[in-house]
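Just below sit the structures, each encoded as structure tokens.
Look for chain A in each of the two complexes below; its partner is chain B in the first and chain C in the second.
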Partner chain A sequence: MMRCNSYLSKVCLGVGLLLAAQSVVADKPIFELIIRDHLFYPSELVIPAGQKIKLLITNEDTTPEEFESYELNREKVILGGKKTVIFIGPLKAGEYPFFGEFNMATAQGKIIAK
Partner chain B sequence: MYKKLVGVLFVLVLLSVGFQVYADGSTIDKVYHPYVQLLEKELEYRVLYEQDSRKASDGKNRHKVGYGQALSDRFFAEVYLTGVDQPSRNFKIESYEAELKWQLTEQGEYDNDWGLLFELEKEKNKNIWEASTTLIALREWPNWIATGNISIIYEWGKDIDNEWETAFAGQLRYRFNERLEPGIEIYQAQDTQGIGPVVSGLWRIGRGKKLNWEFGAILGTDSDTADINWKFNLEYEFQ
Partner chain C sequence: MLLDIIVIVLRETLEASILIAVLLSVSLSQSIKFSWTPIALLAGFAGAVIYGTRLGAISEWFDYAGQEVVNAGMQLLVYVLICILIPLQWQSRSISKGMMRLLLSAIVFIALIREGGELYVFYTGFLQKEEVLVGALTSGFIGLAVGLSVGAIVYYTLVVREQSQAKLLHGLVLTLVAAGMMVQATQLLIQVDWISAGEPLWDSNWLIPESSVVGQVIYAIFGYEATPSLVEVWAYSFSIAGVIMVAALFSQYCKRHSFISKRASDV
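Coming up: the complex of A and B.
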């Protein structure tokens, strides 16, 4: 049952190197978004390009909302009256739309990386 | 804390791989991502059709149906029923399975995102049990996502020799648009060695409802793996 094969060892070595290279940027700039009446405030958020940021989202509504953006590759549910954190970037300069999955008709916005 | 925990688990994986043992049967299935969405529920169907030059295995197809739901913003549980249809015999239910996914890190917080998957499976008509722990690692670039699943598996029961095994599944995916993402998958285990193209996508079908699909053709690269393994997965996500 035991076979010699170096393939998995190489895979594990690769994962190990990724772990070793894991870096944590402690001082990410923090930006805030508020969900109120199924709208995002501000609806346009300017952030620095080329830098990872911490986005603090507060849902002031009583119902849950899902922050979602294919362009940012992020999706997260925020319960009513709760806060959450989403890490974004580093982004190239440009515009990245996002929306509220549960209230798509109104909850729309974009992040502008400059 | 998470880094330490992941480090310890990774050492365990590495030690197990040192024994160079692999999982029985085809492990071509699904490459898991590490994320859990709060409130999410899911109905899932997966099929794997084996096309092979050997008549005995040509036409074998495995069907898996599952139901899962998030227990919190970090844990997701799912149960499955697996049936197999082979040319030599009629379709029959083969096994039951339960799994628990644990999202270890916040998406994008570190260079890589990490998760763990615990699975327990019981063969329906045989005294064969299987328990596994899978380390899920994901790295994202602006348009590419690489995901790796490394599993430690233990099989036991009266109808099988108790043994430790390992398996690897990996995926590299290009984020073309949400409805169509091409990629490539690779599988490596005791009786499985294959690589091939996959395409996946997402349809939004209402408030908080999504249909995720994935289709792929994994080409066997050793004598144990079927020549072409056609896979199709469908997930209906709802809240």
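Coming up: the complex of A and C.
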């Protein structure tokens, strides 16, 4: 019986932690970026400093693109007509440039953490 | 545009080229014929095309974390294989040579899937723009040639005549390459929030910018990161400790095993 209770409490603790983790995920502010005609919209994205954010990127072009930033340590291929998610931060206040590696001449932008 | 393509192809091929160069120098110093390379390369290219074709679906796995999770899994697998490869250098039995040949092939195969898959996706974009496809392929060829040249420099740098020195040098370089892989894997999992990371511990961009040629080369070899977080530093340190631990355990096992077989033959 004791063992059963102990097992039950562990399950409850696990479920509790899982729910807590999900609520933390849910708390992260969501920002959106769109890739269209090999350009980022918006090209400047203002996010809160010191907080992790969820960035939803939609590639409306038919060709693939790679979101990349040395300053943010992020790199991800997004196929044409697809969307993806990456998490950024927590960042110190400042500017963090990013670019589309497959179309570097046009696909440029920056994240401004305030 | 064409210069951009050279840079993209160079970046994607650099890592695989350097890794293959290190493995070829290991193969040479162990007197293992290069006959394993064509099969590993062909299998790797085929794997890259399959991976590139499926990347769209893979990316949507685990709530859009699929690309990172699969890539990190491949990096982890390469790390484990390198951990086994390093101590095998000091084994002279013929079974070790066979095992090493298998490990060398597997590492090249996995490395090519990841790097080649991204290149395949990149070039599918040009299939819709036939007027620039030839230029893109030519530029890609130049990028590939430069990447292979860097690999050749690494290969000839690591080819050391003295056997004991060669084993130590290869062991050291492979350890750093493996730890770099684990940092990259950690970074991928941070990107999709599977691992939580705080603010960067330091910024060494003033010394070696990550986007510079030197930065890119040492990123490809050692996983150089100009703004690492604490969790990445831990990942690097634990990965090096892991290689040393596996090497020590393997050496213990081999000593005991040879002792037992010696006693058995004495009896």
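Rule of thumb we're sticking to: the second predicted complex is superposed on the first by the 88 of 114 C-alpha atoms of A that agree within 3 Å, B and C clash if a C-alpha of one lies under 4 Å from a C-alpha of the other, contacts with A are read in each partner's own complex, and residues count from 1 in each chain.
Everything that follows uses one rule, which is that contacts are C-beta pairs under 8 Å (C-beta built on N, C-alpha and C of every residue); 3 or more make two chains touch, one makes a residue touch a chain.
Small disclaimer: the values here were computed from a predicted structure and weren't measured.
Contact with both chain B and chain C is seen for A:Phe87 once the two complexes are overlaid on the shared chain. Shared-chain residue A:Glu101: touches chain B and chain C both. Of the two partner chains placed by the overlay, chain B and chain C both lie in contact with A:Pro64. When both complexes are overlaid on chain A, the residue A:Asn73 reaches chain B and chain C alike. Common to the chain B and chain C contact sets on chain A are residues 52, 64, 66, 70, 73-77, 79, 85-87, 91-92, 101-102, 104. If you check the complex, the residues on chain A that touch chain B are 1-5, 7-9, 11-12, 15-16, 18-19, 21-24, 52, 64, 66, 70, 73-77, 79, 85-89, 91-92, 101-102, 104. Contact residues of chain B toward chain A in the complex are 3, 6-7, 10, 13-14, 17-22, 35, 37-40, 73, 106-112, 135, 137, 139-140, 142, 145, 148, 150, 161, 163, 166, 168, 170, 175, 177-178, 188, 190, 207-208, 239.
The touching residues of chain A, counted against chain C in their complex, run 25, 28, 52, 54, 62-64, 66, 70-71, 73-80, 82-87, 90-92, 101-105.
By the touch criterion given at the top, residues 1, 4, 7-8, 55-56, 59-60, 63-65, 67-68, 118, 121-122, 124-125, 128-129, 187, 190-193, 196, 198-199, 209-211, 225-227 of chain C touch chain A in their complex.
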